[in-house]
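In what follows, subunit A forms one complex with subunit B and a second complex with subunit C.
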Partner chain A sequence: MSFKLVWQLSIRNILRHRRRNLMLFAAIAVAVTGVSSMNTLIRGMQYGMMDTAVENMTGHIKIHAPGYRDDPNIQKGFALDEDFEPPVPAEDMLGWAARIRIPAVIMSERETRGVQIVGVDPSAEAISFIGDVPIEGDGLESTDDGRILIGRELAIQLETEVGRRIVVITQGIDGRNREKGYRIVGTYDAEGTALEKMYVFTGLSSLQGLLDSEDVTEVSIRLVDEPKRLTFKQLLVGFFSELAVMDWLELEPMAAAMFIFADSVIYIWFALMMSALTFGLINTLITSVMERVKELGMVRALGMPKRMVLIQVVVESTIIMAVGVVIGLIGGYLVFLTIEDGINLGAFAEGMEMAGIASVLVPVLRWDDFILVAWLSLLLGILASLYPAWRAVKVQPLEAMRR
Partner chain B sequence: MKYRLIVLLSLVFAATGLRAEIDVVDLVTRSIDQTRGLSSYAEMTMVVKRPTWERTSSLIGWTRGREDALIRFTAPARDAGNALLKQGEKMWTFNPKINRNIRLPNSMMSQSWAGSDFSYNDLSRSDKWLRHYELTLTNTEAEDGHEIYTIEAIPYEDAPVVWGKEEMVIRDDYVLIALTYYDQEMVPVKQMKSLEIGELGGRMMATRMRMLELEEPDQYTELVYQEIDFDVELEDRMFTVFALKSAR
Partner chain C sequence: MSNTVVKCEKVEKTYQKDSVPVYALRGVDFEVNAGDFVSLSGPSGSGKSTLLNVIGGLDRPDSGEVTVDGVALSGLSESELTELRLRKMGFVFQAYNLIPVLSAQENVEFILQLQGVPQAERRERAEAALESLGLADMSHRQPGELSGGQQQRVAIARSIVSNPVLLLADEPTANLDSGTTEDLLGLLRRLNEQENMTIVTATHDPIVMSYTKRQVHLRDGAIERDALAA
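Up next, the complex of A and B:
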């Protein structure tokens, strides 16, 4: 019986001050909308960072020879069987690619730059950024293609263009230098000039020919489900017992740190927005308790236990919070729908690139973030009601009725 | 009938004789070797001219065969002691201020040497680079009793050469008169010209050369040979990394 009574009292109390409580709902709703839509943006940034890191030639899991990362060159390569397939079930894998990636010097008539030359099988590179960037001129045709694909920014720096020849110097399998003239087949326009300046691409077999080696320096695997990486990593460690198997978090420690940091940012953001709000809520609840001192004294005199008074205030606060949160989450979802296609940060592109963030920020909606916001808000609602409730409990029936 | 055959034969011989006379590969190789000999010792001054300043330095250099060379600055005092050693394809520089030999990475070979308009590549030029080019004789003219040949060197498709073509002007006594580097749009970028030609160390050679950046008009480097001796006795230790540092 008593809980139903408490419920009714709470509802009535809320309805008694419609204007005041509407303002409170609005405040909570705005804060929750802000928090939840901000969460989608933070998640978007986080996943964008991961995708950038993964597409930047890394993949979710990568296999190197031990020592390659300290001293990347073809001598730190490894051989793959002709018909090699990674031991990951095909349905769990977006794709895989074997590559040679080694430092090189690239020269035009007027400039010299240090780059990474990447020997690729163009048909396998859908898993990395080079698979879907716009290309001026042509792309590489096959693994035997002896031409070179360079970044647009690099072409500008070298003062060269599609169809011209450039010279590449790198180190062969015997440690001696190899020099070769390459004709530029095309220039690619990657997201961010950092990539354009860093990577040049040519056919894998053709590069192996130049280096006098049959080896590759890396196998990169892109999974369908990122969280499954640990399982497959374990599998691959067993398969490539003599090689180093790493996932992207180990390969891109900075991106990984930012990725983990983004998880905390969600809480920090929540704390900032909601704590300001909480004081507003406490204030309102205290006011409403002080207004009702007479009534509270009366119900106490009629025999309502202290516990019930306390619960009543808490329930009142929780209801206010719950209504606000529901409106807020709906608002957050609506905001998400309006920005679903992404926000163009083109104006700040350069700074963003430095942090490895894509220049179009596409928000990501995760329901567990919404649920988290909801629960934390309700918890906060209860906590916020404790002090007003304590004030309500402290009311002495006799004193209250004499007022 | 017999007479006709003789005429025909002599014509054929004349034609082949003419072709043999202008063996371009031989011509270019000899011209490269002209200032080298089996070994050599040379004293030079180098003038680096820039729009706002000019610097003159003195150098001494030794070469042995096509592979080894050592060049050392002797003046001004600021640069004295700076040296460059070449062993085949490898190069080292030495700076007395830091007392260190530094092996030049290949990436630096196209960079400027000692702030001049010569790149390390220009210094290390040997007959090896010939295999990357298709050489053709494009022009022959007579001047002051000399035949002057213009030879065009076009790099092969996958040759490690950035230039569109190089054009050499060589006199029939193997003196290189001019060498022009063209970019791939066939615009001349760099040019080396022989300003004075004379006999030095018993050989006919360019005694004053100028390397010009054609895109920057008021900028060039001149190299003047004061003295050169060919086929001198040189110790083996001369062209070692140790000798580079110990400054003998």
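Up next, the complex of A and C:
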């Protein structure tokens, strides 16, 4: 069979109806541009949710004592050796931090709130949101820092400010309450007010001193490549056999569900857009076949095998789809370039925060998404051509030529 | 070795038209020998086109046997019939039936491409065929840019370029004026006489019949007269 002939006939037949096929190219291109652009936004939202979840004191992998998550207090802590380092290769790890995170009550002269007090080593907290938030006043300086850093929103609620004193009450290692007065070293401005209301920070050693314990309640690890979390989680499970080792998907189930859902949304969106388009393509191909019935009958009479007729229609459809897809992907890439720096969704900040999405939506281009769109579109192009091709093959030479 | 190219034995074909059987061929016995130039004539509905289609493997008889170049068509599948048409037959249709998206030369090359003939040989043979029919200057024109007579010449070039055993022509001059008809018939006669091409043509045109060596007249699906030209 001559593929050159099939190719030649397919190309010529596409060029034969330039205007009609230009419209079809445009329709496919617009749909593919829409799908691929939307994919970058969905990916941006997905990765934004992941980053928010991971930066929200979670990390990619976290270790704590069994039962801590049900009843977080210092009695559910665990000791780390002074020279402890996680057994993860340095090149695979952005950083790690040991912390105490326990519930506490914070009181100003005027208001009282429930919060989580977090004892941190400030030099290790580049892996969490507190490492790069804007701070009014000063940040914590060391693990021995006995001052407190609170959220801006909490400061508003407590009707206090930088430099003023507040009192924190929490439970020590012996189960008795500990109370300490802190001077507010600064107020941080996090992405959304929920974090600002929830977390207050002080030096880890300072908090350990208050609680009469050398323990920490968690070790959080941030990796370079998120997909490697399962490998290193397995490694850490072996290393911390007595402790609970969980990844961010287990620790943040809602964010995890949204993350997985985003994958499905990409397919659903693709299916919706491209299915509508596929019917248009089928319709055009059927029209094209029906217009050429006599011609198809003639070439069959002259000796063109059925499979060649079938392949010709499939190739025509695939070429139309391929051209549309290439234009569409270029369009999608151009759209991505124009919104690469992000779309400010500040007006919807409250709602976005609830969903764990940053107020600036930064699109993420994944080439594998582009390739997936290309392959699935070509597959649809082939599928769309099967019925018209079958119609073409069913043409009986004699009947067709009598028309 | 027999020089019979076509042999029809007791060929019958009936069509249903509005649930009424129409007897297109009634037990036709008919032979064409190599080098024959045969016209199948008769009034409308006499069965001449049906007989031509049955010989060309485009239609199957209800009973009887058709043999082309020693191959019995009844035993062939549809794809085998297609292959037989490709390898052994050339077709010229009433409405020229060129492929509109191909140039004159590409139309002629079309059959050779289907046969898998290498490009250089294909081009050479197509050019020779077009030249022999006086179309050398028209080879790059699209069918729409050619007159009816030129299109039919291209169709003849396409039908003979692969050196078929049998050339079947269905009313080849029906859409042509008398001058062009005479030219074309002269061409078919030359092919028959010089190339020894076996030609069977269905026609109702006395001019066409006058150019053939043998005239077969059908009526009501049966051969009424089969005579050599005077």
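Assume the second predicted complex is superposed on the first by the 402 of 403 C-alpha atoms of A that agree within 3 Å, B and C clash if a C-alpha of one lies under 4 Å from a C-alpha of the other, contacts with A are read in each partner's own complex, and residues count from 1 in each chain.
FYI, a contact is a pair of C-beta atoms (placed from the backbone, for glycine too) under 8 Å apart; a residue touches a chain by one contact, two chains touch by 3 or more.
Bear in mind the structure is a predicted one, so any value in this text is a computation, not a measurement.
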Subunit C versus subunit B on the shared subunit A, clash or fit after superposition: fit
First (subunit B), second (subunit C), both or neither touched by A:F129: neither
Partner chain in contact with A:E295 - subunit B first, subunit C second, else both or neither: second
Which of subunit B and subunit C A:Y182 touches, first, second, both or neither: first
First (subunit B), second (subunit C), both or neither touched by A:R12: second
Subunit B versus subunit C as contact partner of A:F370, first or second or both or neither: neither
First, second, both or neither for A:R164, with subunit B first and subunit C second: first
Arrangement angle, subunit B at one end, subunit C at the other, subunit A at the vertex (C-alpha, nearest 10°): 160
Least Cα gap, in Å, left between subunit B and subunit C after the two complexes are fitted on chain A: 86
Subunit B/subunit C common contact set on subunit A: none
Parts of subunit A lying in touch with subunit B, wherever the complex brings them together: 105, 107-110, 112, 114, 146, 160, 164-169, 177, 179-183
Contacting residues of subunit C [partner subunit A, same complex]: 53, 56, 58-59, 78-79, 82-83, 85-87, 91, 93, 97, 99-102, 106, 110-111, 113-116, 158
Subunit A residues within the subunit C interface of the complex: 2, 4-5, 8-9, 12-13, 15-16, 294-295, 298-306, 308, 397-398, 401
Residues of subunit B defined as touching subunit A within the complex: 89, 105-107, 110-111, 155-164, 181, 183-184, 189
